[in-house]
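Should a chain be cited, it is by its letter among A, B, C, D, E, F, G and H, assigned in written order, with residues numbered from 1 in that chain.
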Amino acid sequence: MNINETRELLENVKNGSLAIDKALEDLKDLPFKDLGYAKVDNHRELRVGYPEVIYCEGKTPEQIRGIVEIMLARGSDILGTRASEEAYKLVKEICPKAEYSKMARTITIKNKEPETTNTYISIVTAGTSDIPVAEEAAVTAEIFGNKVERIYDVGVAGIHRLFDKIDLIRGAKIVIVAAGMEGALASVIGGLVDKPVIAVPTSVGYGANFGGLSALLCMLNSCASGISVVNIDNGFGAGYLASMINKL
Amino acid sequence: MNINETRELLENVKNGSLAIDKALEDLKDLPFKDLGYAKVDNHRELRVGYPEVIYCEGKTPEQIRGIVEIMLARGSDILGTRASEEAYKLVKEICPKAEYSKMARTITIKNKEPETTNTYISIVTAGTSDIPVAEEAAVTAEIFGNKVERIYDVGVAGIHRLFDKIDLIRGAKIVIVAAGMEGALASVIGGLVDKPVIAVPTSVGYGANFGGLSALLCMLNSCASGISVVNIDNGFGAGYLASMINKL
Amino acid sequence: MNINETRELLENVKNGSLAIDKALEDLKDLPFKDLGYAKVDNHRELRVGYPEVIYCEGKTPEQIRGIVEIMLARGSDILGTRASEEAYKLVKEICPKAEYSKMARTITIKNKEPETTNTYISIVTAGTSDIPVAEEAAVTAEIFGNKVERIYDVGVAGIHRLFDKIDLIRGAKIVIVAAGMEGALASVIGGLVDKPVIAVPTSVGYGANFGGLSALLCMLNSCASGISVVNIDNGFGAGYLASMINKL
Amino acid sequence: MNINETRELLENVKNGSLAIDKALEDLKDLPFKDLGYAKVDNHRELRVGYPEVIYCEGKTPEQIRGIVEIMLARGSDILGTRASEEAYKLVKEICPKAEYSKMARTITIKNKEPETTNTYISIVTAGTSDIPVAEEAAVTAEIFGNKVERIYDVGVAGIHRLFDKIDLIRGAKIVIVAAGMEGALASVIGGLVDKPVIAVPTSVGYGANFGGLSALLCMLNSCASGISVVNIDNGFGAGYLASMINKL
Amino acid sequence: MNINETRELLENVKNGSLAIDKALEDLKDLPFKDLGYAKVDNHRELRVGYPEVIYCEGKTPEQIRGIVEIMLARGSDILGTRASEEAYKLVKEICPKAEYSKMARTITIKNKEPETTNTYISIVTAGTSDIPVAEEAAVTAEIFGNKVERIYDVGVAGIHRLFDKIDLIRGAKIVIVAAGMEGALASVIGGLVDKPVIAVPTSVGYGANFGGLSALLCMLNSCASGISVVNIDNGFGAGYLASMINKL
Amino acid sequence: MNINETRELLENVKNGSLAIDKALEDLKDLPFKDLGYAKVDNHRELRVGYPEVIYCEGKTPEQIRGIVEIMLARGSDILGTRASEEAYKLVKEICPKAEYSKMARTITIKNKEPETTNTYISIVTAGTSDIPVAEEAAVTAEIFGNKVERIYDVGVAGIHRLFDKIDLIRGAKIVIVAAGMEGALASVIGGLVDKPVIAVPTSVGYGANFGGLSALLCMLNSCASGISVVNIDNGFGAGYLASMINKL
Amino acid sequence: MNINETRELLENVKNGSLAIDKALEDLKDLPFKDLGYAKVDNHRELRVGYPEVIYCEGKTPEQIRGIVEIMLARGSDILGTRASEEAYKLVKEICPKAEYSKMARTITIKNKEPETTNTYISIVTAGTSDIPVAEEAAVTAEIFGNKVERIYDVGVAGIHRLFDKIDLIRGAKIVIVAAGMEGALASVIGGLVDKPVIAVPTSVGYGANFGGLSALLCMLNSCASGISVVNIDNGFGAGYLASMINKL
Amino acid sequence: MNINETRELLENVKNGSLAIDKALEDLKDLPFKDLGYAKVDNHRELRVGYPEVIYCEGKTPEQIRGIVEIMLARGSDILGTRASEEAYKLVKEICPKAEYSKMARTITIKNKEPETTNTYISIVTAGTSDIPVAEEAAVTAEIFGNKVERIYDVGVAGIHRLFDKIDLIRGAKIVIVAAGMEGALASVIGGLVDKPVIAVPTSVGYGANFGGLSALLCMLNSCASGISVVNIDNGFGAGYLASMINKL
């Protein structure tokens, strides 16, 4: 119930066309119902004009197609993350313009060309194995209407490669750094770039990496200011947050 | 060596006033020297007009006074974090306008009134014991020239208190959430507010909190998008990052 | 040896048909034998009229069918948890009325309609992926004779969905909350509902969730009173405990 | 705003004594304000007639006295947990009937004799070092109006001592078990008693106990059904939850 | 080189049939060679008359057959642990009397009937899923010439089953307890039995069992004296140590 | 109720001096009462002629003196572990022959000379800092009537020192190895000695030792057979178990 | 741009054949480009005459063949680590002299015979299951031009086997020790050998080995000086570092 | 027993002056005795001409003075690590030329000027708080006769400071990197310097640093080759190993 509907209700009470008991009944759910339409924003029910997002992990291809079908009926742009190729094939049947990124494991459906930002987001990886997570971030940022620059495989083990690209990285409004074995990269970039850095630890690696724990701790302990961290492998979260900041 | 100096060098080579061997020598350190003057930004040597920051933990009061003395000579605004009252007393002797926040454990010296932003940063805590970390963030954000709104002790155990303040929180350009026992608060705010949220786990609590680990993991796993995390108890980092984003 | 058998023994001693030495021999095992009939209650050998429970994990379908066969001979109601569909098929052969829940991975056989409680148990999940654990709890609670209300996918990232259902949740005598990525949900419900809350961390999620550890710690640290926690993914345990409390 | 106040508002709108714009303004905060009076229950702002609780850890004796002063003015019964003797002395000055338990580290002030339950809560410890946590639970349960039976130092290393008391334990409506080195005790009692068991791991012990982690994990993995766990050393939480269940 | 061979060498030196330089050469390896026959005992090169042991994990069936072939040539009894059925089939081809325990995953070849001890080892499990580890211990103890009593599925959740068997357990010279979900069992038996207890945590279980960590910690923290612990799932180690103690 | 009392009861039933209902009543508690007198053995209430043990940690000097007083009245030998010098001084006042080991932190009172075993227990440490734990084991073993050989500071970093003493170590019936930084020592001794080895990890060390965790894991993973492990720093437990095995 | 090219540039500026603006442009990237030719060394772009290394994990066989193709064109020697047999087959098609080590999982292509060092590297393993990691180290060291001695399966459980080989181990300039269950081996060798020891924990083992964590911690805590540690299973890193030290 | 003594023994056997039984007895201890005199080297009993080392942690000042006294009698150079100022004062009394480094917490006594190496060891720290650990390494390296260059406070947060010093770092034969919050520094230096790097994690930091764990894991996972790691805060170990390599 929005503000206009509430005003209408009060007017109907005033002019007698609505009984007070009936009005009380209608107001009963106000606390919670009201929250929904007006202010709440989450990654599943986003604001008007925003893509709708499906987290595909643990859903069957049929379930995913079903969800897409409903969203298409609403005319939404759609982003499916952690999607298998099988899911994509089923989606493709009902929506031929659906696209699939094997690397990012995303399904994307764009119904209207999004207005793209002038500023861009730099997405940096330490190694080639961190690219899938980076691509999830990149595809997310793009479908939310951001320009993205990819700077991949510039880990600190060969730091001159990073320096070759440092101006491109610095030109961004916000930087995402995805790294598994080399969580160090976030610190180094944080020290070289005067922009917010979102660090994404990846589960890439072996041994004492412990599924991304090493990179996660390394990034959290960084002395360079301006760095914050999202969950291991959470490319979507990084892309979404970067988009949010890029549009401030 | 900046671009003009390099041009001068080349001109001197051209007109013969500089021998090639000597020019080669001068160019030798270019890779690193050049980096310094132009572009590097870190939390110890910040840009012109910014406060200088001292991390006081593990430094003696005498050392801290010494550092402050040098900085004062440069005319800098100064922020000392994790500072004891003893350190403050020594600093006060050489700089009577120094101020101390017992809660935030910060020393601040403002030589010029910073231009303050129009937008503000909301700083939220779950409990009263999280306030010291929140205050470190608040003092940091303020000395870097940001307006701050404090919304303390609104943990989810009594969620109506949070709702009482939700509009104030939402009005910010960016939100900091500090919580120890109740890492949950970051998720809840992330779900209610369409702004970037910086979550600061605090080491407050006991038992299975394991020095902040529980809050840290809880915040990293949040399903609400738009949340990122800094190190446990790192109020300074949160305040600095929030300032950076607030000024984008 | 039950109370009647003991009385008979004493009578036989009295009337001389049993020698004292022989009686002493018979009484020797009394300490332990006696425990069984009178007071002990565990999830494998429950009280008269209660379903018998099989934990199917690690048992072959043939073994499970064998156990069911013996239980059927006793006329018991039966609950098989963590059961595969293969096991169900074998059980179905010998007991056509056996039912299988693919979601909960349970086999249930009801020989008599249980008396159902007037009060009900609310079972709440944060996301859709937590539903299998919740269903194990629900099926358990139902076969033990409880009314259950399912409130699924109401995580705090979209907190208005939770509020839509809050009265239904509050109407219960006891609440079960199953959550993986969002252990926060248990805290929030604990703060909103004046009933005991049994929190079940689930292993759903990735990265820093570490197989449910994050949700487990988050739930244990909750500041809201009235919350206790069972093992990760232990839907059965939550359902059984809730039934126990619901019938107090 | 409660239901009667809302009805009055609507009547005033109807009879014209309240302008619609003013009514809209009044309704604006309804969602959250409303939550408070009606349904929310948390351990700080409990229902009418319930004691008010102060978590004293990290508060100065002066702060505690201040809080007590305000609560006394409301005529509340008061429970202060994790309170030092210094805090007690200050409280005693303004409220001579305040009592202190050195063992439980609690301050209690009873203004009216609580109605006590007929059923009782059994509180069991494995060793003597677990008693402080158990006492926090006991004092909490008692000030919330429950009868309590203490059965201390009956760890499984000398299991006959447990058996001596088993009938007393079984007579309770709910059982609390506090144990540090011997998390096993919760399992054993869970197997012997057909009542809900709240297990409280304590941080007592050394070496591989790792601050209570061992007891915590042991209790979570118990095969005996009917057991749930609260945070390490959280005697208050156990006592509060037990009281809630005891009064169902 | 054993003591008799060394004596022979010295005699040959004495009677001149062996040159001193040649004798020095032969003695050169004495330090290490000598160790073998006299005093060293490890699970690969055991004392005369003892079975030889093959740890099959990570070896191909062909490699295992090859090792068995060499050992058979020495006339040894053989124990293969963690052996697959495939490996067994190959071994069977070259040694028809080889036996396989599917439960214990052991291959055993007995060439001579071992002298069996008069005293016996009790091997106890909490649940049925702990039996494979217990059987590895049992088969090991038996091929090393010990009498074994198996007491399975007597976990503390149904403690009367344990009491039914307590005299059998107590009759042993040493007790092995294998338990996964219920590490508590070792404590309880340690409290009831005045014999050394070797506790074997098993990786059975789920959730907060963390691959046996919970049982391991629980067993290490036991207050009952006389308990020591071996590695998770190390049935062989427990059986071997029990045999060593049983023969003291 | 012991066997004679039970016989008397049956005779009274037989001769009619005891009614059957009354007899049933008397037998009711038999299960648990009976356990006590006959068979139970734990480290607090040990068998006749054995020392009584006080775990002093967390008890005040006054409490310890009180406990000693009661035990002295029973004529017991007494072992107090983890005892402070203050406690010792109070005990000394009431029992002049009490002795204190500063190294082992034990109070011992011997009223009668124990019969000492012919076989001995070797107690080995890696470094000098492991000696306090070793001494707790040694004092325990001695007061329980065992001969002990101490072989200290023979860590594998200087393995020849170990070899110098190897025959002394091998001569024992059972070996205790206490090590913190060098858990490796237990493996090495296990490979050299054909006797049961009880490994005691100590919390000595720094950094990645993590309070003894490193030594604990190292000892558990030892490939040498015949090794088992007790809790970190649990010298008493090792000494008690070694005594138990030494007397088999 | 190397020193000669830079000199040429300056000469061209001097003689007027290169405009200053153009020269500035060329120098712009000097900082980073320059780093490459002169000083930077990493495992992907090694010094002239060194093999090029491909970390094959996570790359498709086709990708690996593609990379090899480019490297072959440069005439490089090539080392592919963590390579599958499938990848090898594809590589073999385009380079018949490529060799594969099934044990080490390496592809090697030698175009020129490397100059081999006079000194050698000893590579030692505790068990046979540690050999694959040791072989990765050995193959790496060899293709970088080092002589290697392999001393396998000499774990401390049978320490005489180690002593048999101790002189061979001591003869090396540097020693690599790979061990999983028996991290102890590194300490023992560190105590016996006066050479730098590189310890490689392996993930071999089960239970409390926790994927190599036990060996890792054990090695880090070694009291023997001269030991350092690389990542779990990082045979390549150990071999590369040993080669670096061997050539100092 | 060395080769000559053994020859003599054999000759005595041959000429009859030594009975065979007596000779057998003498040969019995050969395996271990022999090891000692010839080859063993450890950090406490180092080679002739080397300083002797005392690990002072956990030793009383009196004990330390006692040990120093004995060493002085041998004319040794002495290094005491982790020494308190109290210990130093006592040592100073008996040896006036003893020196103390407050920063490194070392006592050093040099009786003869060590021959110093031509090559040097670079010791690098990320922050100022890492200096104590670096100084322990430096003092160690120096007393073992190495030239040392200290490059402190060049963490990656301000990477240009590192670049200013890169040539000095590169000039070393081996590099030590000590870092706590910024384990990243080891990776960066490993990528820039073609020399072995010994990484020392320090326990400096707070929050998710977990006592040095974060730095430790980060360093172990470094992609830059040529890096190995010693225990957290183990400056001595790093200095000793660096000395060993520097002298190869």
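Just a few scattered comments:
FYI, a residue touches a chain if its C-beta (ideal position, glycine included) is under 8 Å from a C-beta of that chain, and two chains touch if they have at least 3 such contacts.
All of these numbers come straight from a predicted model, not from anything done at the bench.
The set of chains touching subunit A and also touching subunit D is given as B, C. Between subunit A and subunit E, the least number of touch steps comes to 2.
Comparing the centres of all chains, each the average of its CA atoms, the largest separation from subunit G belongs to D.
Residue-numbered contact pairs of A-D overlap by over half with those of E-H, the repeat interface among E-H, B-C or G-H. Between subunit B and subunit F the centroid-to-centroid distance comes to 54 Å (mean Cα coordinates, whole Å). Centre-to-centre spacing of subunit A and subunit G amounts to 39 Å, using the average Cα coordinate of each chain. Per-chain Cα centroids separate subunit D from subunit E by 50 Å. For subunit B, the set of residues touching two or more other chains reads 31-32, 35, 40, 42-43, 157-159, 190-192, 207-210, 213, 216, 220-221, 223-225, 231-232.
The complete set of chain-chain contacts reads A-B, A-C, A-D, A-G, A-H, B-C, B-D, B-G, B-H, C-D, C-E, C-F, D-E, D-F, E-F, E-G, E-H, F-G, F-H, G-H. Residue ranges of subunit F in contact with subunit G, taken from their complex: 126-127, 155-159, 181-185, 187-188, 190-192, 205, 207-210, 213-215, 217-218, 220-225. The touching residues of subunit H, when paired with subunit G in their complex, are 31, 35, 39-43, 47, 166, 170, 173-174, 190-196, 198, 216, 220-221, 223-232, 236-237, 240-241, 244-245, 248. Touching subunit H in their complex are the following residues of subunit E: 3, 6-7, 10-11, 13-14, 16, 20, 23-24, 27, 30-32, 34-35. Across the interface of their complex, subunit A is touched by residues 128-129, 157-161, 163-164, 166, 204, 206-210 of subunit C. Chain contact summary for the complex, subunit E toward subunit G: residues 29, 31-33, 35-36, 40, 42-45, 57-59, 201, 203, 211-213, 216, 231-234.
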